[in-house]
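Two complexes follow with chain A in common, the first pairing it with chain B and the second with chain C.
Up next, the complex of A and B:
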């Protein structure tokens, strides 16, 4: 057991080194210094308190989405539709805010309602993918992908239609909400401790669901062998639906925070691709909830760290995406190599 | 083909599955490999067929040449083909496509016409009947084995390894298989027949090797000394127990005019009264309707007509889970596909089977439960063992250990398939215990002796027809075999479909 764990760690370290080497080669081919690029990424992410706060702003939705995806992956489902579920969470939150623009209710209550509204919208959107799968026989990957496109169209419709700014509609989004609709932020920093708290609570709950509850155990049984789980007496399709609902609610919370703590309005690309990034994190950590926090933090740091690359080095900031993708591929590859190696030994 | 195995060793982690096995099989021999579950038979055969690789120092010599077999494809290239205990095929594909797969004839497009001809020819030779255009998932496990045998022969196997081939097929199919197998050595084919069934090995094989705990403990040529073989297998003498009928007058399951239908078969108007404590065996060729029947009793197949009552409670049309809550448990034959969840541990399984209420898993209770079950069902594994790492026999015991308590009706598909006689006796003693507690049992088996030994009454299935219940104590294997083969059925006057 220990030997297996040790070899797993060694191979993952190797995968990390190989990913760095591979990206370095790409950088050298692009006539840029890898060392300088990495140095810029590090200073760009943890170089100052302000920058680290930006990392946390990215980390919060990414962690929530990853936590949700751990649930659907455990149930054997590829919830690609998570991207759309974030969007619907944002729309739901924006909708609740709009209902209370002129209200005299305490702001805390309105924000709470708005976040729950976002979670409900996200869960509802996820339930569409679940229903398509359960009752329509549509694979959740196709259903989710289709719903992602619909959610983007819906956002654009709202921004340019019913929710458009006074005077002229624009890609910059809807009219910003009043200041008191914002989750309280740290002085001079963009990060809200409330948002961070919600994300951490989310991942801890998911960890306990998967590790310590009968619900989680049943979910895993459904994911690993649907037929046998049914024969063991587990209501299988219901559990698939529950997992969609939980994941949708967590993704919806991510979207809610994007509105309530980051953008303070609905914008066209409100989900920022965190859904797909979350899928990568979940794969990278091999669906182990314990690793969600450090890896999501690392990915967030890469995203923020690469922002200044275009200015400082004339490199595109998508370098972060390249590094993330290469890292996932190498970790999966090395896991395959390790299994072969362990089997032979 | 001449097969020589020299000093074969295989470790799985700490388990030493094969301990320096030396075996020489001359060309044209039918070699029997006997041994109880976990004795290392399957491991040895998987090494020879390239499915797994032996530890270094082991040597395989085919026709005098030392060879390295890296994969099953490599093995078939060398002329070694293996029929695995669990069929390795592609259920969502057509029978013919399965048949063609693995054949490297060159060219982009398979010659389906030629393949169909060859297929039909081979099928005729073996007297197997299936439609090459049907889908594999519509076949029974037994039929899938037959398809695999045909495919291996067609691929040009000159050494044919059969791992427990008779477990899935009926008595008449078995005798057909044996007569074909007996013809093959004349064409210099070598047959390796892995089994735990003494009678099969004795009636078929030219020589027998016995494995015990990973070691080759003895070899024998005909005439075989059965008790000596048993002693070599188990290190002691085993006998079947006495028949122990446990009967009451209380009705457990009542079927009234039940009709069932699927795409291939129609079963019409079955009436049955099953008493508490009674055991009913379902006999018949694979795919004669007994599978559909037992699934209907489990609530997995909805009858198209008639009523199903359990202890007087009408369950007709209810869901499987309603049946389960009413005390009906079903153990399917395909262990890793339907019965167990690969990737979960034994503890996880036992905990799930308890239908736990509450939110948080009680780990201590789960651990204790697992240790308890492992001990009382004699499972070779630990509470944390993943089910897929267990041997077939231990998976079967694990499935049995999942039965709820209390129970009204236990439905079993091939409860002892692939198990050695000691395990069979053990498992039936556990099942009979359930009967004494008032449960009834319906089970499917292709082992007629098992059916007669352990049932009180027998239902015979023949292409959708169901016999009236037959008293097991006064029926012989021959009589039963004839009914299964379609002989001795009462002629009904023209009206039935």
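Up next, the complex of A and C:
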């Protein structure tokens, strides 16, 4: 077993190196210096406290989404609708804020309510995908894709319709919420320790659900063998729904934080692609919750580190996406190679 | 005014642009249909389209030859398909994940290349309108159907062709059997791997054309992330169309017609609240989604890697 794990680690490392080599080749072909690009990405992400704080701002929603997806993956479900669940979380939070704009209640209470509101909306949206799957027989991938479009539409509708800015509505989003509606941030840095705390609590809870509870065990049984689990008397459809609800709540929390701690309003692309990125992270860590933190942190660092590339090197910040995509593909590649090795041995 | 919408010229305009706008959906979704029929879900369509989009545009811009541009898009799409086939067939990787990997790769790569090779938004003169003699002279109908560019005609010819290949040829039978029961197909001597390689590469090629149709036939420009979710809609269209080429055609037309209507409403300045216009295609998605519930059954082996049992 240990040997299996060790070889798994070696192959993942190899995949990482190969991905770097591959991207370097692309950069060389595009007449850019790979070394300089990587150097810029490192200094751009951990070069200063301010930049590292930005990395954490990206890390928080990504970690929450990844944690949620670990639950649905454990139940054998492909919750690609997670993008929409983030969006609905943001909408829920914005909705609660709007109810209390003129309220005299303490800000802390309102923010708490708003975050729970976001989680509830996210869970509700996930339950749609779950219901389509369990009662309608709609594969969760297609249902999720459809619901993602609808969530985008809902956001646009709100921004251009009922929640329109004074004067003219625009893609820049709704009117920003008052300052006291934002999660307290560190002085001079954009990161909120509260947000970081929520994300860490989220991943710890998921870890315990999966590793230490009977519920988690049953969930994994459903994921491993749906039919066998059913025959053993586990109410499989209930477990599928639970996993959608938990994942939706966590994704909703990610959306809530995007509103309460990052953008302070609702914007059209509020999910920022964290859903798809979270799917990648969850797969890369092979559904092991312990690895969620370092890998999500690494992906966040890539995203932030690449932001200054266009200014410094006339390279696009999309290099982060290329690197992430290639990394995932090489991990899949090496995993396949490893399987072949294992079979031969 | 709202009554403007019902004048003959405007109606013809709406229908003609609806027909035109269905083009990228058709190429991408028909390609995806082949893949899914053989049991492979390709979620990387969007990435393949974006790279195809860029390749077609860049080659057309630098060589001045649209056909070379189209060829470049096909090659790029086919190569992405080849890589996808290797990962999903030989390595038996999770199809959803590898698809999203290819999506991220294509998205990033097309932006990177755009930034590096062009930097600014430029335009090309895309495929010109090709009026079909006689038919294009029919009032109304001619303008709607027979006064389009060649990639539009290609997309509509592809639909019956795909139907014929899937339902009336041995190749189609092999594709369907591999998607429904790969073990049985294998035991009858059908190479599951070869069939899947074929469908995935075909899908990639068609996605490349779908991208090219945007950048050198419909919009004649390249912008970052210009497909904006179109590839994912194409994947969903396969489902809405119940894995049938003509079903896909219906879905694609429904989407493109609503889009076209929305564009014309904006152009004419009809006082329909813009939020309602923007939402129309999405509301449609829900309706179609609800309407298709339990009506269709996916190919049994969809998303399942095949491994021969010893």
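To be clear about the criterion, the second predicted complex is superposed on the first by the 345 of 345 C-alpha atoms of A that agree within 3 Å, B and C clash if a C-alpha of one lies under 4 Å from a C-alpha of the other, contacts with A are read in each partner's own complex, and residues count from 1 in each chain.
Just so it is clear, a contact is a pair of C-beta atoms (placed from the backbone, for glycine too) under 8 Å apart; a residue touches a chain by one contact, two chains touch by 3 or more.
Everything numeric in this text was worked out from a predicted model, so none of it was measured.
Asker: With the two structures laid over each other on chain A, which partner does A:212 touch: chain B (first), chain C (second), both, or neither?
Answerer: first
Asker: On the A-aligned overlay, A:193 touches which partner chain: chain B = first, chain C = second, or both, or neither?
Answerer: Neither partner.
Asker: Can A:21 be said to touch chain B (first), chain C (second), both, or neither?
Answerer: neither
Asker: With both complexes superposed on chain A, which partner does A:80 reach: first (chain B), second (chain C), both or neither?
Answerer: It touches chain C, and chain B stays clear.
Asker: Which partner does A:145 contact after superposing on A: first (chain B), second (chain C), both, neither?
Answerer: Once the two structures are laid over each other on A, A:145 reaches chain C alone.
Asker: In the three-chain superposition, say which chain, chain B or chain C, touches more residues of chain A.
Answerer: Counting residues of chain A touched by each partner, the higher count goes to C.
Asker: Under the stated touch criterion, which partner chain does A:276 make contact with: chain B (first), chain C (second), both, or neither?
Answerer: second
Asker: Does the superposition put A:101 against chain B (first), chain C (second), both, or neither?
Answerer: neither
Asker: Quick one: is A:10 in contact with chain B, with chain C, with both, or with neither? Answer first, second, both or neither.
Answerer: neither
Asker: What residues on chain A does chain C touch that chain B touches too?
Answerer: Residues common to the chain A contacts of chain C and of chain B do not exist here, since the sets are disjoint.
Asker: Quick one: which bits of chain A touch chain C in the complex? Just the residue numbers, please.
Answerer: 26, 30-32, 78, 80, 132, 136-139, 141-143, 145-146, 148-150, 152-154, 156-157, 160-161, 169, 276, 279-280, 283, 310, 314-316, 318-326, 328-329, 332-333, 335-337, 339
Asker: Flag every residue of chain B that touches chain A in the complex, lowest number first.
Answerer: So the residues of chain B in touch with chain A come to 53, 320-321, 324, 330, 332, 337-344, 348-349, 351-353, 355-356, 358-361, 402.
Asker: Under the touch definition given earlier, write down the residues of chain C that touch chain A in their complex.
Answerer: Residues of chain C touching chain A: 41, 43, 47, 83, 87, 90-94, 96-98, 100-109, 111-117, 119, 224, 229, 232-233, 235-236, 239, 273-276, 278-279, 281-283, 285-286, 288-289, 292-294, 298.
Asker: What part of chain A is in contact with chain B in the complex they form?
Answerer: 212-215, 217-218, 220-221, 224-225, 227-235, 344
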